[in-house]
Amino acid sequence: MIPFSEMASNGLAAVRAVSPMVHHLTNHVVMNFTANITLCMGAAPVMAPCIEESPEMVSFAEALLLNIGTLDPPLVKSMLAAGKRANELGIPIILDPVGAGATRLRTEAAGRLSEELDIAVIRGNAGEVLALAGAGGKVRGVDSMDTVEHRIDTIRRYAAESERVIAVTGAMDIVTDGSRIVGIRNGHPLMGRVTGTGCGATTAVACLAAAVDDPFEAAAGALICYAIAGELAADKAGGPGTFVPHFLDALSILDRAVINSRTKAEDLS
Amino acid sequence: MIPFSEMASNGLAAVRAVSPMVHHLTNHVVMNFTANITLCMGAAPVMAPCIEESPEMVSFAEALLLNIGTLDPPLVKSMLAAGKRANELGIPIILDPVGAGATRLRTEAAGRLSEELDIAVIRGNAGEVLALAGAGGKVRGVDSMDTVEHRIDTIRRYAAESERVIAVTGAMDIVTDGSRIVGIRNGHPLMGRVTGTGCGATTAVACLAAAVDDPFEAAAGALICYAIAGELAADKAGGPGTFVPHFLDALSILDRAVINSRTKAEDLS
Amino acid sequence: MIPFSEMASNGLAAVRAVSPMVHHLTNHVVMNFTANITLCMGAAPVMAPCIEESPEMVSFAEALLLNIGTLDPPLVKSMLAAGKRANELGIPIILDPVGAGATRLRTEAAGRLSEELDIAVIRGNAGEVLALAGAGGKVRGVDSMDTVEHRIDTIRRYAAESERVIAVTGAMDIVTDGSRIVGIRNGHPLMGRVTGTGCGATTAVACLAAAVDDPFEAAAGALICYAIAGELAADKAGGPGTFVPHFLDALSILDRAVINSRTKAEDLS
């Protein structure tokens, strides 16, 4: 296994080299923020939500992100159609099960997307992922009340059984494919005080998954980049409001030297 | 009656103590901004617009905000369903009748929500509130051409008759429950040059209403907090663009001392 | 023909003098950003997407902007209904054919809007405009791979044949009504690294078209203002994140002296 910092810096370099297109079917709250995150990572965003064009747009993309944050039944159908097309074309799908476990619509939608599609990476908080895993995570709206540390075994088992990469963000981020498992201790508390930083982490994963073959390396590398940018932004920010523009700036200028010097990731396998 | 500055500082402290969840059914223009305002106030936002989950999500929330800024008939139905569930559960509803009086759809939707639901607070500009009150407010699109000062009597009568707290923002904000009435002269002209600052004021009211029993105290306290944060942000901003991040920062660090020293509210009863 | 810098400064002064209302039927990614651009130009935004009110709202507006960035069939119908009302009332329509040429839905929607409505200005990138013109622009998602410089003749021919003002933004912006043609070399590369700057340029054009009789002068003047604000913002920004708030600030304080000293526009006719 290459060093985790290399997963981050190599992955980011790969994104910038090819500028892959990342098709987002995502929630209305974070569309602008995550489109800008995509650009700052070096990729190109496209957002074509309706079923009349979502599968067709997939054919232009190098990754498909599905985020259920503001859901309705037609969007679920559009996600399934786009996802099936992505699977046919071999384009990786990254799923963000926002609020899974909170309402029946979300839990069922996340479950159905997860069952009917071949998903490369699922990125959520602990409660969302555990709800998907059927482990009875307690989800309060879209905020998790679980601590990831106590659930590492469940997450790894879920990754192994589902044959997916599972990325759980929190005080320590966990990424695992069932055999490999990494804990990432980068990041800053301000990230939890801005809307959409979780959704944005999923976007970062999708950007690397669009340019890197191994979804585990993509997810681990992306979350390291993302969390380090959060640290750099927090140094300049006066609060959660000024954090956002500084965070985008930091993502856009992130480089190998900074990544190497700041990565705090440990092999938990 | 406690001092108005105490309504603000006590209300904000209550929000931060319990971190209530505020469910927004709101317009697409301000979703990100108002979600961040919610977080900066110390509450947790959730936005689940479709009728398949909006009533269910209410049960996780401590307040329900209904904002008709980008409306369609299914959203009106979802608002009614979520609102009825909120009424059953005793969760306060805060209504923002954006553009009421401008189009038939908006005027009718605002009227129907107002009639069929037990609303705790209506927050709008003078024209919107007067349109709801049937007083023939002249609304031009979503901008009001009325000055609130000349309409205080109408607003107070409307509050008394409807048994609701009415909060009208403008050069001077007015909050009344029909008997108590306060005029708030905090704020800054830059707030009128940024999209969604009215909608954000409604979010601030919803945050306090989620943590404070008396809707009059919640509305008055929230608008004081909000307007003072606007003053603090204006000191740092170079224009309406940089105002936004500074405003969110200011909201997030607002404290009792600043509120006490800056509150400009007078009892108009 | 008056100097191009006068088209910009006179147009901006006209917007600020009358504060026209610009009705946007636009995509979800840029709603907040373009509403703020509208305010910073000195105009008033309104966004009423559904067909139940979009035509009625037109009657309050001085310009109608149609942007197909996040499209579905009901929105196309609403755009057609609002557009027909705008044509009846003599209110100028500004079309942004985002992603035309990429998917069948977008290409057909842009074509239908263009055929069935009397459009004052079409603003897009080269690929989108060439797709509309039937010239086989190669569009990759919503990003163009054409360079505008090699297509000036096609664009001018399209403007002449369609009797519309065509505004193509890129490294050099081109605005033409088929006889007059201007090339604008203002702007900054950071503008291409922020989502929605193209959509925002269309908003700027709509603001001037709402206050100025000649759509060619409106489009040329607006793109000059917009690109100069981009230069001013780039001087203050640390990257694409901080660019956005500085850009809005710069737009809001743009004045005749700065416009005169910075305009880089040449007559290409």
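Labels A, B and C are assigned to the chains in the order they are written; within every chain, residues are numbered from 1.
Just so it is clear, a residue touches a chain if its C-beta (ideal position, glycine included) is under 8 Å from a C-beta of that chain, and two chains touch if they have at least 3 such contacts.
Remember, it's a predicted structure, so these values are computed and weren't measured experimentally.
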item	value
Equivalent interface positions on chain A and chain B, same or different at half	different
Between chain B and its twin chain C, rotation from the CA superposition, multiple of 5 degrees	120
Length of the line joining the C-alpha centres of chain A and chain B, rounded to whole Å	33
Junction residues of chain A, two or more chains touched	28, 32, 244-245
Sites on chain A touched by chain B in the complex	27-30, 32-33, 69-73, 99, 102-106, 140-143, 193-196, 237-245
Sites on chain A touched by chain C in the complex	21, 23, 28, 31-32, 35-36, 38-40, 44-50, 52-53, 56-57, 60-61, 244-253
